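What follows are several structures.
Shared between the two complexes below is chain A, which has chain B as its partner in the first and chain C in the second.
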Partner chain A sequence: MRDVIVVGGGLAGLVAALRLRRAGLHTTLVHMGRGGLQLGQGTIDVLGYRPSLVAHPLTELGEFCALEERRGGPTHPYNLLGVEPVRVGVGFLRELVGEAMAGDIETNVLLPTALGGLRPTTLYPASMAAGTVSLDPSDPGALHDGSRVVVVGIEQLKDFSCQLVAQNLATIELPGGGRLETRSASVSFPGRGTEADSNAVAIARALDRPERRRDFVAALGRLARRGETIAVPNVLGLTDETFTAIADGLGRPVFEIPLPPPGVAGMRLTDRLTDLARAYRVEMILGSRVIGAETGLGRIRSLRLGTAGHETDLEARYVLLAPGGFESGAIELDSYGRLHEPALGLPLAVPDAELLNDSWAGEQPIFRTGVATDCTMRVVEPATGEPVHENLYAAGGFLAGAQRWDEKSGEGIALASAVRAADSIIEQLKES
Partner chain B sequence: MSTTAAERGLQNDGQPSESFSVWNHLKKASPRLNNNPNSYEAQQLNRLSLDQCVKCTICETQCPVTRVTEMFAGPKFVGPQAERFRNGESVDHTLDYCSSCGICTLNCPQGVKIAELNSMARAVMKQGHMPLRDRLITQTSLEGRVLTPVAPLANWALQRKPLRVAVEKVIGVHRDAPMPVAQSQSIRGWLRHREGPMARRPGQPDRGPVVFFTGCAGTYFEVETSKKTIEVLEHLGYTVIVPRQGCCGLASQSNGLFDQARSSVVKLAGDLAKGGRHVPVVTSSGSCAGMVKHEAREIMGVEDRTVTDIGARMRETSEFLLALADAGELPTDFERIEMTIPYHAPCQLKGQGMGMPAIRLMELVPGITVVESGENCCGIAGTYGLKKEKYEVAQAVGRPLFDKFKESGAELGACDTETCRWQIRAGTGMDIVHPIHVIHAAYGLSDIHSPQV
Partner chain C sequence: MADLTVDVVVIGGGATGAGVARDVAMRGLSVALVDRADLAQGTTARYHGLLHSGGRYVVSDPESARECAEENRIVTRIHANAVEQTGGLFVVTPDDSEEYADGFLAAAASAQVPAEEITVAQALAREPRLNPGIKRAFAVLDGTVDGWAMVRGAAESARAYGAHILPYHEVTAIHRDGDRVVGVTVRDVKAGADKRITCRFVMNAAGPWAGRVAALAGCEDVDVVPGRGIMIAMNHRLVNTVINRCIKPADGDILVPVHTVAIIGTTDVKAADPDKLPIPRAEVQQMLDAGEALVPGFRRARAVHAWAGARPLVKDTRVSASDTRHMSRGMSVLDHASRDGLAGMLTITGGKLTTYRLMAERIVDIMCEQMGEDRPCRTADEPVPAAEGAPTYTVTHRLADREKDRRDDQIICECELMSKSMFLDLLEEDPSATLDDLRRRLRLGMGPCQGGFCSTRAAGLMCAAGARSSVQATDELRGFLKHRWIGLWPILAGGQLRQAALDEWIARGTLDIDHAPGQTDPIEPYPVGTEIDERDRARARAVIGGQEVPA
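This part shows the complex of A and B:
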């Protein structure tokens, strides 16, 4: 029999499956499609706002949790987890991906965005390191007062306006004081053939090929001036070697700015973790929806998948759900205003206040809806705190209590809860 | 996604009801729909999934055709995006370059039926000007019936360049396109002439009957795969029933010949149903299994009780054997085979949502390590890679896969469907077998180096 079925192919699901498999457990990962990790920016946000800008995510986590405690409603995942699991979860990802991720878990940095803003994050791909603005007074950071940046757009890539980015960036007062000096430029670089409209992935694939890369590096080299850092959209290859080759070829600092989906940096991370899962022999079942479960004696005995033509019942000792939140269809709101968890009909923790309000970019309490867990990440009844099933755990965006994009906490919660849930299962299996 | 018969406007006899008002409204609003060969599909099922599309473009990043050519705008652009403007008529003719591999639907995290929408739209686009070539190459069982009696001559002819050039010019099948090897004996001939079933394992009790679905290629070309599947099943204690059977219609479906495909799949289900009620149906033709399991309904709207019944009973051979293994019912006293086997799970097998059972199955054999290709598609996509205008695209799609297979240094590779094996054989020069070949050898029933076809 399988030891564990993990549901969901995003950051939480992949990392949990790898954690379980590396502990020697027979682990099956079931996911509907490619996980949301590919739609993100390839960075690890632990805590960016509380709601003021966060410089030291772990140190400031206590204050954030205290504020969450006072707010009431579904318990925030960080209030259940505390600091140590965040450190362990992020540490485990670093162990898996090695040099591919840069940054320091103790200190946030700011990264330029595709609109020319600055946003906080904790870990970032090595290809974004030359674009970091420090939040630590003792560290000058890669970009600081007076740094000169040329923002280079690609004519065929409509998702990135180099003028917008350059002009907006130049208006921002940096945390350490002063401003960046920026200008914009563009190059022509179709991803495929002579197409007029390329997406980021097509350009990244073209740059993975040495002969196309040479042309691109030569074009960048021609337009950069002495002392300038080059900023380009996040297209520098699907493999990490491509960035290294381009940086070496230019011989000057260059960094990528994340784009709207499809995110090349997120895709690199997804591919890397998926390859690892494949190599470690996590059994992967892609393209089937979980449509129910067989339960008995307080446990889930098997999960039912809607495979083509017939249903498949997969038996397992433990189940770990990491299917994401509303945005992944793992939680639904019907036309009567009722909230559901469609796969297993799990009870949901719902905020008491009005779920949706008229504010456009502000907080929408509905997104704090999710499943409640205890501090081992076992799914519990929100009202009583009693386990729903003894062997059912949850992680990531499926958990109640967070406003991940407002807090910039999504990956931190995913990693901390995934590793905590996996370790809880590993401990339980060791005991039995 | 499921809809009830009532919602689909179907009466009990499976015929569309005249009173289905939404469809009548649509037809009034868009007169062009009156002439739509997919009247059933156009009104619903897959179109309902359109609203699930959040334009995340994950499908674009995974599409194997988009990766290699600008001739195809991409699954989202020609699919969920263009579908809203189609109004019965195609707005983006690069749709023709979609290979119907289904990788877009498989990878969609929101459940949008991208490939299905595109297959339907292509059928509409080709209506009235279906190339002769597409009518010919979809006659898969006819090809087998014609070539088998003259196999040596056929194989000789298929290797003659001038003849292939002529075929390319007249019909439009590329001169270098991978071709099957004609066999002088079909699986039916073999079944007639063999001296009875393979002996059961010593002490093995009877496990009852299974129906074997051979598929056209498994009947006439990849006969060795069919033989080995039957023998392994018999070795394990099953009584293998091979009813006289026709084609599943997959090639017709992917070429937009829906009427032909519908009648083929319904007839096939009837043929297989003759093997007995509630009897499991096993097949080593992975993509044909997909046609019966879900594509007939999801792409062509086939609502036939027998097709549904056979689809629910059907298992790909590895899927069937691994389920036995998971239930503790598969003997694993395999002989050791020291071998690293590169393996490619075909797109249309992955699309069935069963994972990759062949990997775990083959690795039950001591000494075997399977290296999965990690590639979405080999390029051939049934008949796509045979066409003269698409051959280069199909080769470019397959190239990373060919390179990985060749770089592995292995002598033998594995892949679950027939046309994909032809493509990978041609692209690598390696022996490429169905995973059952490995299991057959590991049970000591043949040598691992026995013939692949």
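This part shows the complex of A and C:
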């Protein structure tokens, strides 16, 4: 019999499945579609704001958790987990992807955004390394006072305004003092034929082809002046090799700036993890929605999958749910104002506050809704803390308590909880 | 010294004021139309979108019904570009008695409102999503009208006849010389300067704000009670025909397909202040139930946006009763000469957007009489410039346009098929236009994603075009999203809450908009009321006055 079914193909699901598989467990990954990872920017955010800017995510996690403790309402995942699982989770990802991700778990960096701001993150793809601004006084960082940056837009790509980015970046006082010197420029580079409107994926796909890549490198080479770092939108290929080829071709620092979805860097990371899962022979059942479960004696016996017109029951000893939050439809609010977990009807931990309010700039408590777990990531009744099923675990955006986009904590929570949940299951199976 | 001298100043750039300004201009008088904000952003941006056939009023108010039927034909002709001839149905749902329906056709005939009964099968063939349990159905000539396009059309027509069109000019004082009105002071909100306009006559068409405007002239106690109604837009056209419930007019009894959405409405609750119109949850639930009665499964469709508008109810015992022949139904005229002993000012409120032209004709007749001018109304005679030779609106026209230019132009707003050149052309015409001003004309950010994707692109274009600095463009983006939120949070559920989560990931997650240059919680550059905005208003004043902005 199968040891574990992991539900969800985002960062948490993929990493949990790999962790379980590496421990030798028979693991099946079920998902409805690829997760939020490929809609995001491909960085690993551990903790960016608490709400002040975080320079050292692990050291500052304690203070963050102390504040969260005082807030009340559903417990924040980091309060359940503590620092160590975060270190282990992020470390495990590094082990999986190797050099594709750069950065240091102890120290955040700032990366330019598509609005020309600077945003904190912890690990970042190698293709963003030349754009990092240091938060560590002992490290000058790639960009610092007086660094010259040419922000290059692509005429056919509407999701990136090089003028806006360049002008805004130049207004920012850097953490180490001083400013960047920026200017903007643009090139014409249709993804296909002579189209006027190309999305990031079409352009990235074109750049995977050597002959188109040569044209692009030549155009950038003509634009850039001596001593300038080149900033481009996140379009430099669907594979990591494309970036290396472009950087080598240019012979000068170049970096990518993340865009709204679909995120090319996020797609690269998803691809890499999916390929690894295949290589490790994680059984994959794609395009399937979990629509129910058969339970008995306090355990889940099997999950019911709805796949293209017929239903299948899948048995396993353990179930690990990582289906995401509101954005992926894993938690729903119906038109009567009732919250549901549609797959299994699990109890939800709901903030004790007006769930939605009129303040655009303020927090919307509803987004802290999710499932409650104990510190092993086993799903519990929020009211009593009793396990809902002995063998049901959860990870990632499905967990209650966090405001991920405000905290810049999404990937950190996903990794820490996925690895923690997987390790709990591994321990349990060892014992039995 | 006057900055401008005209015969007539019209206060309020909603449907009523725009209609009056056009009428005055076409009669050959000089006129200035002023609004404290953009044209058509008050009640005229917060209504239901229905171009009445008259059917709604055949039983309760036949005179009103007749006026609607007549004006429907005229508005369709003179504003063809703004009107969609959807047709309408009156249906008796399983919950309704047939008593009202029994008298419907006879009442329609006597009010001269075209109507015919069709079989339930025919009604369902026409609108397959309709409740299959309906008992009877009547077809009428309802249409839908884009209030923004209609007002813009009327204003452009007035301009062609020499009118001064001055949006973002708030009247702060009305000047009198003894018992005569002689002019107004307006604040040019965008430039932050005061201007003086001298005139012979003032037409107060400030809708639910008319009482406040009248007070500026020293005419106290014009008691205008706002009657608040909410509407909810569903994410697509659940129906292509206006669906009325065939009952005595009540809450939530009409479903109107407008552009890409279907709008359910409305309610009627007294409000204290037209600048503070809440969208209470109980009313949202009431509207969703009402939708469900007409279209089963309505609640599972996605509500994308909600808004509230205010009918001005004038509670004034001194309303001039002598001149009813001059009145259109539902409209109130205050003659300040007889009421307050002040010559040269009339206040006009109420009525319907459908009959805006007729209301204007009637009140401008009164004005001409008082000014001793004999000039006939010509507004029904010719179409506004934008409608000349134009066919009536069809919802698919943008798709046809994009099919033609998709190789050469970018689509900035996918939900509403708004192209880059549409946006840049308007911005070039008026570089001071805000994203919200442009939205009202282009439908930017009005579809399911509510600006999640397109507004960032639009802000980028404003900066690239040189209309804004990067910091201004970033604040403009924040202001736009903040505005959209007003009509979003009261209805968020289901797919739209999922969308909102994605939009949050984009704006706060990927773009980290809260920490980008500019203000985290943006001030409204041109605030016009509401609780939240009062704080902004004070801050904006401080900025305009060159003072430091309090944090």
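One rule holds in what follows: the second predicted complex is superposed on the first by the 431 of 432 C-alpha atoms of A that agree within 3 Å, B and C clash if a C-alpha of one lies under 4 Å from a C-alpha of the other, contacts with A are read in each partner's own complex, and residues count from 1 in each chain.
As a convention for this text, a residue touches a chain if its C-beta (ideal position, glycine included) is under 8 Å from a C-beta of that chain, and two chains touch if they have at least 3 such contacts.
These numbers were taken from a predicted model, which means no experiment stands behind them.
By the touch criterion defined above, A:E195 lies against chain B and chain C together after alignment on the C-alpha atoms of chain A.
Contact with chain C, but none with chain B, is seen for A:R404 once the two complexes are overlaid on the shared chain. When the two structures are aligned on the shared chain, A:F367 is found in touch with chain C, with no touch to chain B. Contacts of A:L333 after superposition on the shared chain: chain C is touched, whereas chain B is not.
Within the superposed three-chain model, A:L164 lies in touch with chain C and out of touch with chain B [touch as defined at top].
Contact with chain C, but none with chain B, is seen for A:G325 once the two complexes are overlaid on the shared chain.
In the superposition on chain A, contact is made by A:G36 with both chain B and chain C. Of the two partner chains placed by superposition, only chain B is touched by A:E283; chain C is not.
Measured by the number of chain A residues touched, the leading partner among chain B and chain C is C. Judged by the touch definition given at the top, the superposed model places A:R214 against neither chain B nor chain C. Counting contacts as defined above, chain A residues 36, 39, 194-195, 261, 327-329 meet chain B in one complex and chain C in the other.
By the touch criterion given at the top, residues 52, 54, 56-58, 60-62, 66-67, 69-70, 74, 105-111, 289-290, 292-294, 311-314, 326, 350-356, 360, 372, 374 of chain B touch chain A in their complex.
Within the complex, the chain A residues that touch chain B are 1, 28, 32-36, 38-39, 192-195, 199, 201-202, 205, 261-262, 267, 275, 278, 283-289, 305-310, 312, 315, 327-329. Those residues of chain A lying in contact with chain C across their complex are 36, 39-41, 49, 53, 113-119, 156, 158-168, 171-172, 194-197, 258-261, 263, 325-329, 332-337, 356-361, 364, 366-367, 404-406, 408, 410.
Only residues 281, 285, 288, 299-300, 303, 406-412, 420, 453, 456-457, 459-461, 463-464, 469-471, 473-474, 477-478, 481-482, 485-486, 489-490, 492-494, 497-498, 500-502, 504-506, 508-517, 520-521, 532 of chain C touch chain A when the two sit together in their complex.
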